[in-house]
């Protein structure tokens, strides 16, 4: 048997290829849209992708299942569970097979069996994996977003993100039922989840790629709950606000995600063309580091550095329906940013200009714009004398855990809509935890016409270091 | 002044960017279609491409002038010389400016002046280059395909390749007139031609990128001719057969070469899909080395190794109007092959499969096909006993200079049409100079159903080494 | 907690980085010598490598533990179990800590605890992994070469490879004791082994990266044995001959593996210099594909294509104490080959020449040498008429499972010593399973002066395809 | 004939490979120390490097002649002109041939003939290049640092940089004699110089790679001088201060430049090790962009961004005799910086750390240090109220052409020695032309313990844009 895990760091998402080496048949479960990686792996392993399936309708990335099935000619298999009102809309069009609890996918001696495990979503399936060459018993379960290492999938997204009212509490209850069902399964089963947790070692299991059912029974908080009531209360409390783009994602994944032949290849634009687009109101994202952006950038551009959180903030802040342009270090850099946007369904990355566009701008138009970067000492001097706004762009949870006295709070993801609550003529000092998000926020305010925006480098972390 | 030469090894072709650094304006002369290189150079040099022009309607590659002008918003400038019957057909559509003898292109203190230098083609322009900051006199001439280092552009292509009857002799005479005109210009002028010669040091100047007019007057055979008659005779004798694709190239370049936004990006195909295409009759080119192809390949594929002569043989042997598929080492390899095809207007490189497709074929269909490779000793044994055809696929010139007794001659470029002159059931031994072309030829015959094809590794070179 | 697995495809070997994200401390277990990968991972994860350890004295690759500890300043921890006669010899010199059964490595809330699990080797340790933030109970065990997915580590290497007589049966017995001890541990423990099995899905678990103890109890053949006697018999039967270089590897790993600052960087050599070295008897390995090698190669060079089995055959066939030179496609190719040799302690990859050396050789010395490649039809004609040797270079196991009548058997790894058993003047036809190993074997015979060597492309596989 | 030019952008330096393709012999003239590029070119062109020579003892980069000759086994040829007191000291040791005026280097039909052209240096040779296959007359001259496109080599370096007193005026006179000699040569000769000028199109020829003698006679200021007196006066006036490292360079190049087998490969260091080195006083250069450096850097590090002027400022500011460490984006970045340092003889680039070292520093030691970046508005506010030093770090020539009133001038290259003239407790505002050099200067002052250093982004350019 072949079992291979694909982990995308930007999405913190795991997909799996499972197959029988004797017959060369494989299934891919929960593929993302950079589908080349599955083809390359199949070629290297000598496997043919015969089936493509997914555990559920994803909210946090655009599914690559449809695209991979079309590219390979594989049979697409989609959940038929979850009730009439919440079904995949493109199953017929794509000639997909439908999966119900107990259905199996068979490749040589390897079998995946679907278990209906609703809660995170109504149609959610898990898949037990059995290597018949070794035993008739399964060796593990692909649990998708039902059961994580040390946690469970949140049941409130459908209501909060997709706006299906009243599903939150019901979801929590069905999730409890799904857990009850899993308590019957043997301890030795491997748990192969759809996401890696980002949590630190002080809380739950952190960055451990997989677990076992016996260990989860021992340590996972959900299995420690005495009854449904306790579980429902706990699973719904303290859930952070879901990103706004989850709603679009869920809808697209249900109705039929767009299919790409290949990743977009942004064309290098001459300065004239890029800046003409910018003046026409196009979205131009500067994906360079925040330090380089602060040194000089085109007025009207937003800075989302290509790095760990790029996909997340792009999802919050970029439009889905219009072309995207980049200022990027070079072709490779622009291509990497375009690839990451595709993961969340932003497919129209059409062009980029290298940093030389800044020299051209200086020479042909005006000096480039800078961002003022200050430390807490300078910030406090300004607070003393200049009556600025002190803006905290962290999450509500972080804000509630403690913030700088006198600050105002707007979550970075809401800043585009809520910037109008602020006075663009007043000096605005922006902070977050480390300086990353506040740099994005400062660029948004500058692009929105705020006259005097300053980013507090180092954020709350630096303040605590200084004050400690 | 900025003067930058771009040399494409595969095409043996030179294009130039010339501009004034004080104003940041530049012109590109004779661009090919991989237009990113000009944008990157302009960005790095801080120049803006304001004009795009070309010396003449090229026959050996597809012009990138139109594409570059559209991508940059630059003004396209095309020759209006050459008479009513032979004019650029897309000048109006593209809002191009027309150039006549004496017209200038001015960028800051830098001036290019058009000189009508017909002969190679009727509309051919050369451009003197003057750096007004240094002198009112030009420093050199961009001579396109009019005057090379040690040679002149052949005047017979229009007739032989494009089929415009009767233009050969007339062209030779106008070429003589153009040379006469150049004899008046000062010796110190740099000659910056459109092609690098591939000839060895025993003949003419070989691989020297530029020359001077004074030196050419001294050594170039054309300047040594006593009169027009001698020149016309010499320039028309011994010209090799032009590649068949020159005709299409010339027509496309006159009527309006296709414009690409970006280079094609061949998609990785699963074995099923590639081999389905192959069975449907699609063109599948194996661009791996001839050694790897001989070890094993898909039946029906043609081997044109991606290397020095790839563009040339692709031009001879591949169709223009149908999708092209590759067997290639990996994505980069397929992308490089697709890029080179674009240079001659073959734009539909849609997909590729890596070598693992061969294992799949063996496992799912049948053993892969091999090519028998033999040396001259084995060849002579076969000639003694098996009554094979001995096929020489070199050029007519090479054949005329000497060949193996008993051989038959078919130029590799004509083999697809003329293979039917041979008996597919008779053993066929193929040779060329070194084994490169015969490997391509052997693959063509195998794909055409010849039962017993053997490639004589090392070619004539190895035979001479053995016999000396 | 952080748990990260590093898998090296060429060695089929797994190493692990485990640490506590709250304190940023980590341990690396069983590192190989391309130690940059651990430094890069630590930098990316924000961890500091504080400890380096290994499960046992490896036989199949050169340990990178010493090197990694020195480069990072980490504390090296080595097993002190296994008895006085079989101890790490460099522990004192490197200031290493010694580990005995029950000792722990503590990083923040994460603990590794050593379990003495002898059998594969006397000093072998496994490590339970506990994330104290989640539970006081361990979540898994790093089992090194004690317990694999579906198999156990062979107890005969010390005797067969390192020549420590009489240890084979004793090892098998202690291995049984170690298994007995593991039967007591809970089913839910993850099993994280030191090697991935290469076996197909028809036998045991194949390419599954990890397992659980409960599942292994269910399916692993070793846990199904009724008693020690049955286990000892089974574990010692049918073990293939270990590679000859395992003996050196084991000795070096015990006495103190060489420490590298950086990977070797082979220098590009001019043809003169490479061929001078070749004439002086230096080892020149042509790492190009077997197809390209067959097309033409320098006389006296050996062909070990850089690919899946490169490390293995290099270990069998290359000397440890002399400089190695390559014929390689380019600098990157030579660097990749040098990197893989370092993994087994062949550190002196000093230079390479690109394929142009072959043209130089042809021009300056003589035609390059070719390898005759034939199919079974040609082979059978030769067997009928020419009285050749038919040489099978597969393993003894494969030979015993069936071979071509009339063939002689010499394992490829023994061919350098045993070539003298063959007559260099007789035609020699070489085969293996697929044509890979026979190509290496043919190159060895050619380099040893055999006059007429032919490689049967496709091997036994092709023969069966033809005959079926 | 083959003529190939190698241009190194960082050094603005040209070297040449010239050879006869019929015999495959070539000479390399004025090689730098990244000698792989010559080996790769020779391999690609099918040439063997039989001779290595240089026009003169270079002052601006470390010669690669000795190294290339040793790596290829080529004969090293060195000038014997220039008098007894100024001779290559390693000619004997390396078995070099000595070249005097009129001596020739012959390869097949190609000949280089040495012309003694002193002035820039006493021993300076030029080489005429003749392709005997075309003509007995030369086609061009390699003029080294004697004659440039639009300029001549400065004759004052030996005195100013190498301290050989009294040679300046004498050099200027012999340079005049050399020019007089060239006036006799034919106009059509190509001039192939050793450096590309960096001057803009408003002055002389700018970025044109080559010229002709006739054109130079027409436009080069040196050929316009009426007599020796005028020439001597003009050639000595307004020459900028030569970089301090030119003295070392000249001495090393005369006495015997160090020979490298391969380029240095900086090892990735763990944060502990890099910061330990830093504390011990090692040189740690942060080669990231100035924006990223300003955002956060290790205290005590100097910022020289790897880019256009890296080699130049490294030559001015870095020590020759001690190990160098980098903070660099990644391995490739550190390797590129190390390669460029080798060009000027700084060979001990031993290690680097990626940017994650900054997080480690923040976590383990203290917040990282930032650089305050201000614009002219902030600068003027500070000048009004805080009594800061305003420091101009441009060249003396630029300073003399105009500077900000009230500024002090210290050339960036002298800042390490002259920083003590400034008060480290006073705020110091640094500017240059664009913000590049002032960023380097600010980092030097911070590393030297200055408490409040601010870099004026955009420099004089931005000030003029604002004030215009």
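Here the chain labels run A, B, C and D in written order, and each chain numbers its own residues starting at 1.
Note that a contact is a pair of C-beta atoms (placed from the backbone, for glycine too) under 8 Å apart; a residue touches a chain by one contact, two chains touch by 3 or more.
From a predicted model like this one, the values you see are computed outputs, not experimental measurements.
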Which chains does chain A share as contact partners with chain B?
C, D
Counting hops between chains that touch, how far apart are chain B and chain D?
1
From the mean C-alpha coordinate of chain B to that of chain C, what's the distance rounded to whole Å?
48
Separation of chain A from chain C, taking each centre as the mean of its C-alpha atoms, in whole Å
39
So chain B residues touching two or more other chains come to none
Chain A partner, complex, touching residues on chain C are 1-5, 20-22, 45, 108-110, 131, 133-135, 137, 139-140, 150, 186-190, 200-215, 217-219
Within the complex, chain D is touched by chain C residues 24, 36, 39-40, 42-44, 46, 48-49, 71-73, 261-263, 265, 267-273, 331, 353-354, 356-357, 359-360, 363-364
If we count contacts the way the header does, which residues on chain C are in touch with chain B in the complex?
289-296, 362, 366-367, 370, 373, 375, 435, 457-458, 461-462, 465-466
